[in-house]
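Here's a structure for you.
Order of writing sets the labels: A, B and C. Residues in every chain begin at 1.
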């Protein structure tokens, strides 16, 4: 199989996403008052409505409607005032009524968009943008200094209800094929679920990944969902087709359902790009089907071939009154809009002089954004000077910790924003080296003490006294006359050796900048 | 204590039962025991009950008698001590809710329907659950999986349907008030066949929560009774907003308030197309015309009104009803409750076998019809236009009610027919030609007895139709008709304490 | 009379509705459905240009919602009370794809 880069030279990928998100931050379900709780004993959060008992009727949760309007406003959608709930029929045991209550042609939120900033390695997937000049455009993408930005259309966000959960028994590893029986738990049935559908505007797996990530940031900032990919409260279906570069018609698409990690979304789409290209280049045709991404085997397999279009027998739900949302209702929701991720990035740039790249990464998580803000408040008059080093600490050190340890919790860890600011301030004054900064950081986590105290205890003050350093430099040069000779003979790579010797002499506390400077002078 | 056999509670009015208990002339327990005994004997002939709930009735009666002893009986509701019963598509905790179907033969109600609870809260003694056409699909109660119910006026005739058990239980004097549901005439037509009062209130007046749905935009619950005041008292107990039903609406009306006002000055509409409809039996038409004349004599102004699109109501109904039913009945899948055909290794064959056995012929016909009408391509040919026609019919009624306060029409084109007399589905569907348009438009309608018809000697009736949420208008006219014809009699074989011939 | 649906169509509708219609019942069911569909003709003959549909019978009812407040749920026992089969607190059903033994 060709690599994705090879494929994308000749082919353009057309990707659309359907992203489901449960409104986990609500108290109760979409159409009944059963409590929303993940992981409860099976069938302990059910009632006549969500069990689909005969005679039960749905009543919509107002907070869910407010949440989806909020989501629509936050993603630049038009809010449709006149909408209805529909019944979408399909017989499947996890859907208690054997129809899903969802929305019809009109959703609460329609015609929105999000802009994506793509940079770093991910930006290189977009071959048609890579060689552009900064500011130049192709389709919706504009080249920037660090990568490019692109504009992704949102078709709609509609309100619906989640299904129950099934456990398949008697087969291998809980899989449905080969199972002899299944167990059905309706605790999740009726959980308020928003489904966002994008336009087919995405062109690379990285764009798809970033879109989902950005949407997650937006939803998290709204406080409407925990957006947990692990627990399935946020999940994506990706559809993808290829077309020859320059072609405007769409190719036949395949769909991958219920993808539950950013990496899986990226990798599944990347695999499909390569697989479809192989099929097409061998003269075959892509079959319209649903495929399953197997993260272990790193490939997709056929789940279901679509022979005919699904016919869900949709019609307006007579049990639910239509909606005629007032301006007052919509404006009431708009007033609850918090600062959105894009606005936060702009503010961090404006107030503290962060680069767009740093600002985007600092606000990637709610807790890091607030960590940064509290830190900046602690920093007082030095805030602007310390912004960049604090951002670096968050983007590099804390991100590494988070990825190394799933249970890492910034809010309860020993490194408070005040300690982080103290640490970067000590470093900024050149009192310690960057290596020592790392050591102190480790010690803060290990010993739960203030950075200044650790620096004091360990006698870690960086030596920036030129006289003291000069004496060490002289001693090192005197002890290694042969190496000095070699250096002067052109082996300038030995500079590192001399720096190392000096640092060793000074127990790592010498200011490396000064050591370098003095060595360079003396070796002249 | 007097002998049970001698205590003919069935002849008493609702008010008389309540005041009799209050005055300690008899106890609620005596009423309950008498009703249990009477139902035991009379229902052997009528087969209106699918199950009886003597323990529930006695417990309710004892609570009322305690209230008498403790001096708090005044706080008891208007139906205190009145034997009542419910169509078997209404959930009542402690009973089965079968919908007359094998599908739900063993289904235990997991909660209580709002309408049932309100009747119980008003003091009614719950005597049991009543037979019906399977899932309310029918006009004769012959599609019940648990046997037919007999018309108390002639045991060889059908009681009408689908709420046939509810009508027959009242007509035979077993209970005073029953609840039925009406999707296209299922309260009014059996009320007509059995010669009792049956009210289908304006859509939204009574909560549908807990009533197994047939056509959600058409279904409405209402009471059966033998006199207008009893029916009005039951309606008072039933109405009012229910937070569990999005389509239910608030109501502050006291439906007994204007029963004595008479019809002088009221404008009563007559629809010429209805009076000349093909299939309307002359004896029924004549009875309705006689009633119109009597109301005119009482001072009502009779006006002709047009319902130009009413003729299309039948077609619209047989689109909308089956579509909603198809969807509503998809939940009966053998997974959470209901009939499960044994021995299937895969869910698909279990679904198909369970639903093939669990649903009877008429239910299957309507489900398949709905499945067809909602399918891609067909939807735009029938379903969408049917809902547009609904707009036209609704507008017709709105226009008509600009000119009158209440419409008077036949309820059914004929009197009760014999078992097996009508087997063709389309002919059976014609039983509802005068009632269906009211469900399509959502207005209130009721059937009022007009004595016995000239030829057959069977009960004749008229239908009253009211503007949205003006149900008191039709009750007022019904009271005026009752002054002419008297309250509905108990069918002769069951009158004066008799329990059938 | 127009043949609106064939036996094959009825078979398909039954499959969609998950009703295992017996072969013997198919001809009668097909005839009945054709008769009923024929009776729906008036709907197709109307000029409905510009007429809004009425999906909900009482027109001005809208925005009916409840507050996000918890109400009591069933216990697990109550939830499973009518279950034809249950195991480990869940509803038990045979294999969804088939392949298990009865």
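What we mean here is this: a residue touches a chain if its C-beta (ideal position, glycine included) is under 8 Å from a C-beta of that chain, and two chains touch if they have at least 3 such contacts.
Please read all numbers here as calculations on a predicted model, not as lab measurements.
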Fill in the blank from the handout: By C-alpha centres, the chain nearest the middle of everything shown is C
Completion exercise
Busiest interface, judged by C-beta pairs in contact, is B-C
Fill in the blank from the handout: Between the Cα centroids of chain A and chain C the separation in whole angstrom comes to 41
Practice task
Averaged over CA atoms, how far is the centre of chain A from the centre of chain B? Could you give it in whole Å?
Solution key: 58
Fill in the blank from the handout: Per the C-alpha means, the centres of chain B and chain C lie apart by a whole-Å value of 24
Problem - Numbers and ranges of chain B residues touching at least 2 other chains - result: 107, 110, 217, 243, 246-247, 326, 330, 333, 335-337, 345, 347, 351, 371, 375
Problem - Per-residue multi-chain contacts in chain A, two or more chains - result: 51, 59-60, 91, 93, 180, 182, 184, 186, 311, 313, 315, 318, 320-321
Problem - Where chain C touches two or more other chains at once, by residue number - result: 16, 18, 55-56, 61, 64, 66, 74, 91, 93-97, 99-101
Practice task
Over in the complex, which chain A residues touch chain C? Could you list them?
Solution key: 26-28, 32-35, 41-47, 51, 59-65, 84, 91, 93, 166-168, 170, 176-186, 311, 313, 315-316, 318, 320-326, 329
Completion exercise
In the complex, chain B touches chain C at residues 106-108, 110, 202-204, 217-218, 243, 246-247, 249, 311-312, 314-316, 318-319, 326, 330, 333-338, 340, 343-353, 355-356, 359, 364-365, 367-372, 375, 381-382, 384-392, 394, 424-426, 429, 440-442, 468
Exercise for the section: Can you check the complex and tell me which residues of chain B touch chain A? Expected result: 89-91, 97, 99, 104, 107, 110-111, 113, 208-213, 215-217, 243-247, 323-324, 326-327, 330-333, 335-337, 345, 347, 351, 371, 374-376, 379, 383
Practice task
Show which residues of chain C lie in contact with chain B when the two form their complex.
Solution key: 5, 9-10, 13-14, 16-22, 29, 32-33, 35-37, 39-44, 46, 48, 51-59, 61, 64, 66, 74, 78, 81-85, 91, 93-102
Completion exercise
Within their complex, chain A touches chain B through residues 48, 51-60, 87, 89, 91, 93, 96-99, 180, 182, 184, 186, 309, 311, 313-315, 317-321
